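Note that the chains are named A, B, C, D, E and F in the order they appear, and that numbering of residues resets to 1 at the start of each chain.
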């Protein structure tokens, strides 16, 4: 089984950001995403999701460069005002080119 | 409307099947000397009547369910509504309000509609401006926070509308059938006005076009307007086919919804201390003032007493569906603690429990 | 059935409570010369009658809700039905169809049932074969794609059945009580025939036994047949206990469901260009042909006019619950864009808005 | 109660609208010699009457839906209820039971209430102790397992209560309006008693206070008591506003819920072999004994026959909402296979299908 | 705390594959799984899940050998016709033998 | 983009443990969590969640020391009687101090 090492980037964000984040992921080079509904708490107090619905957990498998770009973008645009976290993990995938 | 002796009572047929004693209709027959207190004058006997009306409201299943919801969360119960049930109920309520309004709108003459519609637009522009100034000057809030809160108080709460509808049905006061149209009219402009104010004050704010678009196709407006259109097009005969769901179950569904709203409101109440005393006072006094203005404008526009009470309640209510979503996107730097706690934790319970019968009482000053 | 002057009207009692003018019953009284166009002959006055029936259908709350759903998605609204609400509504609709049918099935004589049942089976075997040949020969589709689409058009859409039921109720045309049994009869065979054809043509295909088994215990068949059995066993007295839910709310629930279906159909409409012109034509003409054959066979089998309209609509409808699931497993190489877009994006809206009154019109050729 | 010739029939008004032949009221008119078998004596004609009542119960839509659920899971169907639908239905059922009970409780004199209440408390303390001893001595279960099962059998199943309510309505036997209060009274004490026993026997167990607290504010108690309070406060007039939802749809919703419960019970039935023969016997005989004791105590407390049947059914039922959650936290070392399989897989279906008419039959020994 | 390094294999797949995938995971040596509902987009266009419901996200903690086997199996049987992706990540678990 | 390497600890547990686990995570030093609903099977047979609802999947980004503490705590208090698993994965986060 030949595998490729990629980055699995995970974003936890308020639900109101869904459309915007998915659009931006695409334009930053992600070729796909998987998204689920979650609840959570962090250091920021109440956010709009308390009423408007849950947080989203968005995962995307990307090359290390795209991962870097996504993390920089999210940090710059969302950290100041929104309840958002982002992290990345090393993942082995089959069919590497599919994600590049 | 003012020319006709008895206002239209579109919902009367369904009252007949209700085993509720039509309290106020009898009481309102007497119309004589007035009592004055706090420079407000009431008819004699009105105080008694008002107490009775407060009692009817407080002991309705809807308000009691709201209280149960508050208790459940305060006591730390594991009772939790699935989010899907909440979403499903709010789709149902908005569509039901729209449908019923649409059927009746189809039978409304433009002549009786344009004045209330204009007054509603005036409210939608005036209230957020007044609220903004108060919040900035007296409350010393930041621009973004003041504009965000103003957007909520200018806009409107569909569930408060449903509650006042139910209340008027219980005390047997008729109101114009086109009121749901006014809900839709009042929902959007206030948010736009408040966001515009914030933009003028700070200069920033991209994604402006997106915000307007998202407001107009947002689920609450879409369901309300869509329901209105379906109701108007399908008419009484078509609507009769779906009446058991959209009319028969309305108040039961509202009861369940308010149980959940009580739980949400209780979570907001925990933030009360954080938002400060000014906002607590604002959350009670602003709806009072808005309610009074709404009733007054309603009476000027020739609405029936019931219609004026509804318009007053709409003016007094604060949004918690359309406004929070729009504000979070357009004014992300505004602190959601402020606007959510004020509108959901203070103003909504106030209107539900005390405000609605109070607006009824205030309306007797004009009718 | 043909011997009796007036067909059985099992649902009539509930019409009485409906404030709908029984349009067609009056119009149908006149039965005289016929107009001919496109080699189809209609009674005089029928054209008018048909227009009225089209209007009743288009302006029903159900069809309007479907249109609202299409609008919501096309405009990009954030309105979204929780998936659980969709699942809950479809469980409810299937069970309600079954229950009501079962109560009436219990009162059906075998004598009046066997001929329609045989005709239904003939449709279930004939339609997918014809569809397959057309798709291969004229459409030049791959074996798997042709068989997959054929499976959908041979099988049946329970919601289209609910819509035609509601339509007939609104225009006050009675139909046999055992029609839901025919829904169940028509649902499975067509899928099996189409899969068999694909298998014969390609040789491949393991998991054949699993597919048959999964079809027979699939949720839609299970709920329909289960509902039929419960209805038949519990009878009128037992059913009366649950009638407020399963009959009273049926059309309201259907309205909500069609709102969601409109949103789904609109998403499929985006793929229209991808599927090509042939499939668009197929999605409109195939149901027309199937509808006509269904009505004809229904009339041969001695069904009442209402029953023939229902059978025609069933033949015309394309599956989107049982077939997609079975086909995805048994024919994974078939492209879902084709079968989903054709059945959900083209044929379902066509039947709902135009097809149903059209089958009514076509039925006047035989009755 | 014993002094009055005919017991109060609070639910009678709604029977009138039911097209169900009031079987037993006619049959019960004859009251004469008794037949004896197994040392139980029945009135002549009672056997026939009982068979009819068993038939009415078995062929009710609710029991049939339960059977359909069992079939669905046993056959491996892909039918699955969204968990949110299940949660929503149970919130609805508990609240509806409470509301209706509260309206009637408000019209109950304390004089007729205290004796049944005391008997209920006695059941809540006695049953878990007896069950514990039987399970330890005869069943040779570990302390934790015995106490866990005892907690379930001492406590009560709200859905079984709903089923017996529906059954009595179908056979037209009235019962006291305050029975839902007894459901709430019986739910908690038994669990506490059983946990206390386990604690005394093992010495361990921290988080004791938390368990009591969580039980009292657990969702089922909160909704029942909350519903009772709302019903009592709002009264008949207020309740009428929400009656279409909470009364009209009750039995339909119960039918849907039992469909899901059938699927759950079937999953538990798979564990039957694992739990051993003793527990299977216990799951059938314990409810029988408890039912008999409940009916007897009910008759002593002056309940009407219907009331005694309800109390017997409550005693016979085993909890599966409050008890499993509490036991899992307080007695984690107890094996859930035992208590879940016994209460959900054995006792619940037994009560639903056979137990309820049997308790009716047993009640004829005392009335 | 003594931990063992295992592979956390994640499969994102159309919902229609649920039964089949779970059966095969078991027969390939997985001792357990955790599954949630997600939505997603990738390079394949529409798939049946567009109508039949959401995607599934199936996670299983397994030994590196079993991980290898699962990835090869899924790649061979599902990549051609189904909307499926699979990847693996290194994870530290307590009670290693439980998963082997 | 400056990132910090932290531990992403994941707990899969019966739903009845929700309150208790979240309370304990906080007291063990976690500064936030994200939680979703999942279903699953493992080596333990039936557990109360079969009736009382689904499993929970709780994720928390923490320092390696806190991760160690959480894993030890869960292993000691929950493994004997409850259906619970726990594992950790290396993750790169932006804004490291937020999680410490």
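Here, a contact is a pair of C-beta atoms (placed from the backbone, for glycine too) under 8 Å apart; a residue touches a chain by one contact, two chains touch by 3 or more.
What you see is a predicted model, and the numbers here were worked out from it, not measured in a lab.
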| item | value |
| --- | --- |
| Those chains which touch chain D and also touch chain C | B |
| Other chains in touch with both chain A and chain C | B, E |
| Steps needed, at minimum, to go from chain B to chain F via contacts | 2 |
| Fraction-based call for chain F against chain E, same above half, different below | different |
| Of all other chains, the one whose Cα centre sits farthest from chain B | E |
| Centroid comparison with chain F (C-alpha atoms), farthest chain | C |
| Centre-to-centre distance between chain F and chain A (centres being mean Cα positions), rounded to whole Å | 20 |
| Where chain D and chain F are represented by their mean Cα positions, the distance between them in whole Å | 38 |
| Whole-Å gap separating chain B and chain D, where each centre is the average of the chain's CA atoms | 42 |
| Chain C residues counted as touching two or more neighbouring chains | 82-84, 244, 248-249, 325 |
| For chain F, residues contacting two or more additional chains | 36, 89-90 |
| All touching chain pairs, where touch follows the definition stated at the start | A-B, A-E, A-F, B-C, B-D, C-D, C-E, D-F, E-F |
| Partner chain B, residues of chain D touching it in the complex | 82-84, 87-88, 91-92, 95, 99, 213-214, 217-219, 222-223, 226, 229-230, 233-246, 248-249, 325 |
| Touch list for chain B against partner chain D, complex | 18-21, 59-61, 64-65, 68, 71-72, 75-85, 166, 169-170, 244, 248-249, 251-253, 255-256, 259 |
| Residue numbers on chain A that touch chain B, as the complex places them | 14, 16, 45-48, 50-54, 80-82 |
| Chain E - residues contacting chain A, complex | 12, 36-43, 55, 57, 68, 71-72, 74-75, 79, 85-90 |
| In the complex with chain A, residue positions of chain F that touch it | 1, 3, 6, 8, 31-36, 61, 89-95, 98 |
